Structure formats: C-alpha cells, structure tokens
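Note that the chains are named A, B, C and D in the order they appear, and that numbering of residues resets to 1 at the start of each chain.
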Amino acid sequence: MIVEMRRGASEEQVNGVVERAHTYGFETQLNIGTDKVVVAILGSDTGRVPTENFAVLPGVQSVTRIMRPYKLASREFKEKDTQVQIGDIVIGGPKVAVIAGPCSIESRDQFLSTARAVTEAGATLVRGGAYKPRTSPFSFQGLQEEGVNLLEEIRQEVHAPVVSEIIDPHHLDEMVEHVDVLQIGARNMANYTLLRAVGRSGKPSILKRGLASTVTEWLQAADYMLASGSAQVILCERGIRTFETSTRFTLDIASVAVVKRDSHLPIIVDPSHAAGHYQLVPTLARAALAAGADGLLIEVHPDPTNALSDGLQSLTFSDFRRLMADLRLIAQAMGRTL
Amino acid sequence: MIVEMRRGASEEQVNGVVERAHTYGFETQLNIGTDKVVVAILGSDTGRVPTENFAVLPGVQSVTRIMRPYKLASREFKEKDTQVQIGDIVIGGPKVAVIAGPCSIESRDQFLSTARAVTEAGATLVRGGAYKPRTSPFSFQGLQEEGVNLLEEIRQEVHAPVVSEIIDPHHLDEMVEHVDVLQIGARNMANYTLLRAVGRSGKPSILKRGLASTVTEWLQAADYMLASGSAQVILCERGIRTFETSTRFTLDIASVAVVKRDSHLPIIVDPSHAAGHYQLVPTLARAALAAGADGLLIEVHPDPTNALSDGLQSLTFSDFRRLMADLRLIAQAMGRTL
Amino acid sequence: MIVEMRRGASEEQVNGVVERAHTYGFETQLNIGTDKVVVAILGSDTGRVPTENFAVLPGVQSVTRIMRPYKLASREFKEKDTQVQIGDIVIGGPKVAVIAGPCSIESRDQFLSTARAVTEAGATLVRGGAYKPRTSPFSFQGLQEEGVNLLEEIRQEVHAPVVSEIIDPHHLDEMVEHVDVLQIGARNMANYTLLRAVGRSGKPSILKRGLASTVTEWLQAADYMLASGSAQVILCERGIRTFETSTRFTLDIASVAVVKRDSHLPIIVDPSHAAGHYQLVPTLARAALAAGADGLLIEVHPDPTNALSDGLQSLTFSDFRRLMADLRLIAQAMGRTL
Amino acid sequence: MIVEMRRGASEEQVNGVVERAHTYGFETQLNIGTDKVVVAILGSDTGRVPTENFAVLPGVQSVTRIMRPYKLASREFKEKDTQVQIGDIVIGGPKVAVIAGPCSIESRDQFLSTARAVTEAGATLVRGGAYKPRTSPFSFQGLQEEGVNLLEEIRQEVHAPVVSEIIDPHHLDEMVEHVDVLQIGARNMANYTLLRAVGRSGKPSILKRGLASTVTEWLQAADYMLASGSAQVILCERGIRTFETSTRFTLDIASVAVVKRDSHLPIIVDPSHAAGHYQLVPTLARAALAAGADGLLIEVHPDPTNALSDGLQSLTFSDFRRLMADLRLIAQAMGRTL
C-alpha cells in the first residue's frame, strides 16, 4: 500500500501513518521527495486492510493498493489451475463443458425432452431452474419443490449431472441432495449469507458475476465461498450493465482472460443472459470459446414462443444442434475438445 | 404494449400476436401502415406481462411497453403520498428526517456517544450496523447479536428510534423486536427472499437502490415488499455505479424527482456511501434536500480515523453539527422544517 | 509514481525502472519488502509522464500515479479561484450566473422574445445556438451564419452578453466577433483541434464535460485550452452516460464539489440536457445551486411544443420565472446572490 | 411512432397529436383502451422525426420509436453487404483483413521495420498515426506532416495500403493524397464537421465507435458520412467505457453481431485499445474473429518498451506472428481466410 501525504504534511502526521502500519504488523519505508512524502507500506498481506484505514488519517492525500484485495481465489495463492470434478466430468480441463437446458422447469415433459435433446447434441450437464428470482413479484417464480423433484428424476433418467440455482439458504439441504452443481445467480453475488452457506456445503458451484461487479469484487465473492470451505467454485461471466441497449447486458469477453491470468478458478460464459435474444447467442458462444472459456451455460427450450420465462433468449433444439457443430470447430481451433 | 411486426409478416403471424393477447384477457387493435403492421395491446394491467412473451412470436420485430412494469409502488395505483410513521416521527411529510450514526456499532461507548451527539444536533433517528455485509470475508463483519442488544439499550437511553440493516431472514424476529426501522442494503435489493420476509413483518423499512438498478427495477423491488403486506417502505438513493472514479458511487440526484413523480413512496438520500469521502458529504446532503428528498441517512463517528468500517466517509460530531446548521437553511428555502 | 515489481523480478529489471526514471529527470527510492520490490518515482511533475511508460518495462506488475495528470487546471498549480469576467459580469464570484435562452435560434422574434423574458426574470447572459451538432444528419442543424447575425442583433438590443456553441474552428473569427462566450459542447470535449483554437482566441469559454469523460479527463481538456493561452475557462457539468434511462443523462452532482476541491476554475451546471424533460429541470437546478455551482445554463423557449430542437427539456417563460424565484431562496441559503 | 396519452387526456389533446403527425405527412390510428388512448403514427420514415416533437405536446405521457433513427446505414435501406475496396483488398468479403502497425509513427526506421514485419506475417494493410489526439496537451502529439510523408514512402516501399487517423478537416487534402484509408477516432465520432468532410472525400474510411455511444448513435454517425457522399465506410468496435477497470475499455463483442444484423456496413475490431495491455490482445482478437468481424486493427511496435505512445498495448513482432497463426485457425473454423 502506498500512502501519499499532502504537500506540507507535518512530521507528526507522517509518523501517524507509520504507526498505524506497525499496528497491522507491516513494515514501512519513507520516500521523501522535493514536494511530498510518500510512505510505502510493505508486507505480504496488506491486501486484507482497506485503503481507507490509512486514507482517513490526517495529512493523507491518497492511498493506493498494491496487493490485490482477494486472496484465496488469486493465482498468487494457488498457482495451478483448479479443476472442478462433477462425477466423471471435469470443468477447467482440456474439454469444454456445455451446460444446457431450460431457464425454468415447467413440466416433466418439457424438462425431459430438453434434457434428452441437449445431451444427445453433446451437452454434458443439464440446467433447469426450480426457484426463480424474477424482477417482478407478479411473474412466474418457478415450480419450486416440484421442480427440485423433477431435477432428481431427470438426472437419473438422462444420466447427466444437473445444475440449478439456489436463492435461499433454507433450500440448501434439499438442493444438495438432488442437484449436482449449485448456481448462485448474478443478483445474489453479494448475498454473503448465501455464499457462505453454499461454500460450507462443499458442493460444486457456479458463481455468476454480479451485473455491476468488477472482476476484483467477483473474486472477493469467490473468497467468501473458498473461505467457507469449498474448493469447487466455477466462475460464470454473464454480462454487465452498461449504457448499451441493443443487448440485455454487455458481455465482458475480456474478463475471461483477466480471470485466467489472475485466478486459478475455471470460468464459463452464459451467452443467453448477456444477449437477451436468441439470434445473438451463437455469436457470443463462439466468441467465449475463442476467448478461452472452460464452458458455456446455454438456455434451450422445446418451444421458446411458449416458455414461461426467458423464451426470447432460448434456443430451439435444432438451433442448439447447429450451434454445437459450430462450437466444435472453434474448440478444435483452440486445441480443445467439446 | 405495442407489437411491431416485421415488414412482410404474414396474416397468420399477426393473428398469433392477437391470440396471445387474448389469452391474457387484453384487447387489441391493428394498425396497418404502408410498410408494417403494428398491434396495440390494451388493458389496464399489461405491465404484468413481460414484453418478451410477445417478442418471441414469429414475425415480431419489437415490442414496447406502455404500462410501467411496477404496480403497487406506482402513483397510478395510489395517488396520495405515503407517509411512514415511526413512533411520533413521520417520514414523507413536511419535516425532513435526518438519520445519523456510525456505519458499524463497535462498542457501547462509541454507539451511545454518537447517538447522543447526533440527536442533540437534531437527528430524529439513530442508525447503527450490527450485521455488516462486507466485500471481503476477511473484513470486520459487525458485532452481530451483541450489536442488536446495543441497539435496544441505546434506543431506550436516547429515546430515539433506531435503524439497522438486516442481511438474513433468520435475524428477522430478533431485529423486529429491537429495531424500529429495518434497512435493506443496496447489495440485497434483488434478494427477493429477504424482501418478502421484511415485507411480511409489516415493519417500517428502508429499501436502498441497487448499485446497478434502474429506478424502475427499484420500484419493482418495492413491489415485492408491498405485495408481501408492508405499507411502510422508504426508498433510499445511495449512488449508482458508473465509470467515474473521483467518488465511490455517482449520486443520481434526479432519481429523487423521478420517484416523486412516479411513486407515492417517500425517498431519502444517503450522501455518505455515494461520496465515499467525508469532504464531499455536506455537498451531497445539501443537494439532496434541494432536490426534495424527505430525509438523509448520514454516517457519523466519534473518531473516524479509528473506525472499523467506512471511517473515510464518516463525519465527526462537529462536522455533523455544522452540516445540520447548513441543512436547516436549505430546508427552510424548500418550505420544510428539519 | 509508484512502480510495483513482480515477485521475483531481477535486479536488472529493477535497474531498468530506475534508469528510465532518471531519463525523465526524476528521483527514485527503492522499497524492498519481503515479497516484492516497489520503486517510488519522485518529482514535482511526474504527472506529465503516462504510467504505461513504466508499466511496459520487463518485470513490472503495476504502476500507480500519485500526481494528477492535469496541471494548469489544478488547484496545486493555482490556488486562488479563477473568476471569469464578461463585461461587468463575473462568473466564479459570490453572485450566481444564470445563462438562459433557446436551444436553437429559430427566428428573430423567437430569440428576441426569449432574450427579453429571461433577462427580465433575472438571467444575466443569454444563450442561443446558431450551429447545432445533431445526432442525425437529417435533423435541423441550426440557422448557422444567420443565427450568428441574430446573436449580434439581440445582444445589442437586450444589452446582455450572449453565449453560443462553436463546432468548427472555421467559424472562430465570425463567432469571436459576435459572441461573448464560446461554448464547447460535450461531443467536442476531446476535439483537441477545436480546444486549441478556442484557447488561442483568449475568449471567455464554457467547456462542457464529455458524456463519458471522468473529471480528470475533463480537467486535462481544460489544460489544452489553458496551455493554448486562455485563462477564461468555465467548466459545465451536463450529465454523464449511465445505464439509467428515466433521465436523458445522469447529472453527476458530486462533480461540482470535486472540481471545487481540485481545480481553480469556476463550474456551472446545465440541468436541461441532464434531465431531458422540463418537469425535472427545476429539481436539478436547485440541487446544483445547493451543491455550490457558480451558475446555471437553462433552455427556455416561448413555445416549447413547437421548438425545432430540445423542446421537451425547455422551460416556458412562466416556468422560468417560477424557477428563478425558487433559486433565489436556495442561493440565499448558500450565502450567495442571484 | 407510438404516442401514449395520459389517463384522462382530452379529445383536444389527442387531436393535437394527430394534427402534428399530419403536418409531417404521417398517417395515424387511434387505439382507445379502457384507461388510455394510444396514437399509432405510421409511415415509412417516421424515424427522421425526434420522439420529443410529440412528447412535448400537452396530454402526452410517452412516445416510443418504432422505426430506427438511422437510415442510410441500415439494412432496411440496403440489404446487401457493403464491401469496401482498397486497391485489390476487399473488406467485408470472405477474407478477414488484418491492419497492423504502430500507434504513432516515430521514425522512418521504426515505421518501415514494423510495416515489413506485419506484412510478412500476413497483415494486408499497415496502420501508423501521424496526427495523434492525446488526452493531455503535454503528451507526444505525433510527427504530423513528417509522419504523412513517411506514410507515402512506406506504402510505396512495402506495397501495402496505409491507414491513418485524421483529426482535423484542414489535413484532408494532404491525407487523401498520401493515405489509403482515413480513420476517424473514437473521440471524434460525433465531430460532425469532420465526418462530413471525410464523407465528401469519398475515400475509404474507418469510423470508430465513440466510447459512450450506443450502436444506434454510431450508425447515425455513419449516416453523416453516407449522406455526404461516401459509400466506403468501415465500422470499428474498440470498446466502450464502463465501470470495469481491469481493462482500458470493455470490448462490446456483441456489437459485431448487432451491426451485422442491422447494417450493411463491414465491421472490424480493435483489440489493442479495448484491452489496453498486450497480454489481453490475443484473446480479444480471437474472440472478434469468432464473433464474425471482417477484420482487426492491431498495434505492433518493434520495441514496445520504448514506444512514444500506447507501448503497453502494442505487440512485438514475434507476438504478432504467433497471434496470426492462432487467428488463421479461428478464421478457418469460421469458414473464412486470413
């Protein structure tokens, strides 16, 4: 951490900064320039102290962080790539994982037919929402317990692991039993109560990026899960909120490379929520693989025009099959399989 | 809702839109132009249906909402201003409410001295955090249960109602008993499980705007609380996330006027979190009153340089007294009292 | 500037950083921690060197700026507030300046009646657009030369200085002759050719903030004008682009306080463009004065429903008179006159 | 255009809307619902009228555009893809174009060696900046006229067309003579004086997206050029400004698909400015090709650590050769050549 004193700061003020650093067990070095004094605060874990604990001291002009504020999720903490194992499927290895299925589970038939179609086309995991966080209280909120039962039925029938979103720690026991991967949605990325609960379960989980979260805050949220005991966290980029309105969100494709550089956790991409429109999903899916994503999370529905949620961004079965063929070519160009 | 068909859409496709509208009980009117057909979908509650339920139909180019998607929070639903009553204090009336206190409760002494200082200076409610949602799991997380006990002690000792943030529905019973106003933080604005629980309690509550939420989504979140039975919701603008870095968030001062126009709920402003720096807090506080806010939520600490959280944006007691004097002049210029 | 080396950076790499600093004439100090080396680069004008000139060197992890990258516009360069003198009007002193008039000059009658109405109501300068930068080439582009002639006529007839936007350096001579204050619009904030030309003219000028510009970049743009010889620059906050859609732009009210703290230049606010709707203009205008703005730039039209541009955000004469009465009360509460 | 009247709007107010529509030569249809009247305004060119011309009328609640506000750049106006021809190179056809070279031309040697290295590696056009728009007036502003002379020399020596940015209409004649493709930078996207001048020249040109511009505004800017006579416009996505700070800008990868759907103009991507760091450039370049971009604009420098501008985001010759090999595989997977 670097503390820049104001021009004309007194010796006493400089000492105040030095003393505070010492209370945290950090070393300091003074840099006395013609105009200003700058105090360098050194130590391997200065990232754990908020910059404002120094910024608030008298005579301080600004404080700059050198160490990143996340820890367990960082590549400095663990250099080797984390691979998340779900049965015999590995996420974060050479094979790209495609997770596909409906936004909401609407009925046994709808879910089963979709699960069959996507696994036949090459998807290795099936997604389906039982509890749905919706912007309006007057929208369809998911089949809830009934949906969880269908997740259990279908994973046995289709022999594929299932992924489903958890929105309430109360549902944890039920979902841990019947679901293979727990998803934490973008709206809950900073719901720390939920992050801790899922982290403690040790279950493989997908942590979506909050729609106004920086990559740094996202990795701090992963820290909550890792600090609670989980080692099985998959990050999922799903678009951030910007001024652009031609898509539902703006897919931050560069975040894939930033996460790969700064963290050991695997990262997948959700092109469906980012695009908001089925026509744009294939483009974003291809770009995600070319950027090096470890997997994709794609919404597919047997009849999007009658879906109870997210129909506009859902692919039909034949759209999905066509996309998988395109993705195989990109995966191959990237030296991976799909 | 207005559905614009693609150029050359077939009669069958137009009928598809009309039929879907009828299934929701809406009326329709066709507008047949030289180039395109436009279907107007009419009804007093078309706002409850997502636009994508039409956008997904074949032959549709775009769908535009006419009715707002929130309902119970809208001024169309309830024309008269809602006034929230907390003991003998009214929020949303001619008197501006100032809620002040420390970010986190750190000790009995710290909280009591602050509560005394702010109420003597004219604050009518005291704030203090017991459970703290922090970006990093390694930061101070609040005194928790002990903090709630201090809230109870201090409200009796100072004879002022207390405001505190709730982050987990599990804490509801405990907090309903010892706290006068429950605050839902920005990070939890879309934690619908929490919104419903607080709504059901019927307790006066403050709903902070999510840092990437539009005013519309914020009012939809209020709908969750109102639909769960509460009639006592106070909105709180606290800044949104933008590209600007000289402040912690960008205070959307215009949202005060937009909420006043479109909703019946009272709105207050939190200048402390928006600014992120104590030097900028008075400016934002004055601007908020001049914009017509019904109150302010301000962080004050006996010794900001040693605060365990948010010290940089906390005012000292004397800063706060000086600010209150300035605010009285602005309130008066607005025809209000403070 | 603070250069953080990667863990394990070689002595040669550290020396590379030190040598580069010396080529710029800067001093350096090494901070050798347990984990990393940090090089502090000291000097009174390190702000003039881009951080990337160090970031690009081998072994460097990150570079952080300590000195601000703008210079002539900074309060460190000139401590005392700049006051811009236009005839006997001062902008940046105790009296708040109100600049009002139509977005576009449409005719002699329209402009004259507006100029009379706003000056009678207390405006001290009259605005009127002759050359209009419009998003679409098919929109009305202003009366152009004819508009400049009307600016000359009206300033003589109403005895008030006139403000008008310049969009092309070719128009400089013509506009310097007939206009008292040249306005540089938000879309041209980074049109450095134009900034230099206007700066060289020495004419009082208004520099609007670019809609995606940070306060720092805005002050760097002011540096272009100051470096070209002008000392008469007034900054104008007019809203930035964010995800919120209920207003045309998001007024960054805090920028008024940030500019007052970090720069000596006066700052005014344009509530009309930020709001985009006449109903919201008075709220933003009052908030601006309460935030400490030195003036306002407000669009007024005799018949907004028939305006050729920006009618929706224009006030009628009676709206404007009512607003001026409200503003007088706020100015008084701020210890200023209007 | 759809005009929604307020609840309780009078017949006279509705007639006001209808009459205004007729003055523009549009047809109207009334939709009278239980609660509100909605007026549909029909015609093939309603996009040319700003929505506010109706929003400002008494009794109107909101106005929604159906037709897009850009025209000449739209696929509705011209269905077939535009291909831009530069000598025997085509941009917008099956072959992906790679434009590479230094940010700034610094010397004959630097520019010649780079031009040779990139063309040998497969780049078909060479870029090099002579006039540089820099955020600070104290930064290197380019070699200017001398740079233009070097563009001429090098294009003859290397037998490749050259691309260079124009920042001032005054330089048009000089640049039209010596440069094959004129680039309009992001900061000048709304400098309409410059757009018209370049449009009138008829020269092939690259129009970069403004850093806070929507895709719609970008296509309106293209309309300025097309309306001035040019038919040779190439769009270039280079990242937009968002809250994320781990990259210089956020590459809006979806804009490639949106532009391909809604416009006939070719689109290329600049991964260098978006990333801001050479490590992230290859990821963004690969993603751009997988998204369907017609080309790339990449910064390459013989010695990035000593570049006078943008060194941090420049590739070395060997980085560039390695990237070209990767890109060939992606292009092939997309059914294109490179």
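Here is the rule we go by: a residue touches a chain if its C-beta (ideal position, glycine included) is under 8 Å from a C-beta of that chain, and two chains touch if they have at least 3 such contacts.
Model, not experiment: these values are computed from the prediction.
Novice: Among the remaining chains, which ones contact both subunit A and subunit B?
Specialist: Intersection of subunit A and subunit B contact lists gives C, D.
Novice: Which chain has its C-alpha centre farthest away from the C-alpha centre of subunit A?
Specialist: C
Novice: Using CA atom averages as chain centres, what separation in Å is found between subunit C and subunit D?
Specialist: Between these chains, centre-to-centre, one finds 26 Å.
Novice: Using mean C-alpha positions as chain centres, tell me how far subunit B is from subunit C in Å, no decimals.
Specialist: Centres of subunit B and subunit C (C-alpha means) sit 31 Å apart.
Novice: Taking each chain's centre as the mean of its CA atoms, how far is subunit A from subunit C in angstrom?
Specialist: 39
Novice: Pull out every residue in subunit D that's touching 2 or more other chains.
Specialist: 212, 240-243, 245
Novice: Spell out the residues on subunit D that touch subunit C in their complex, using ranges where they run on.
Specialist: Result: residues 48, 50, 52-53, 55-58, 69-71, 133-139, 167-170, 187-188, 190-193, 196, 210-212, 217, 220, 223-224, 227-228, 240-241, 304-305, 307, 309-313 of subunit D touch subunit C.
Novice: Which subunit A residues qualify as touching subunit C in the complex?
Specialist: Residues in contact with subunit C: 2, 4, 7, 27, 29, 31, 33-36, 38, 40, 42-44, 62, 64, 66, 76, 241-243, 245.
Novice: Using the touch definition up top, name the residues of subunit B that touch subunit C in the complex.
Specialist: Interface residues on subunit B, with respect to subunit C: 212, 214-216, 240, 242-247, 250-258, 261-262, 274-275, 279-280, 283-284, 286-292, 329-330, 332-334.
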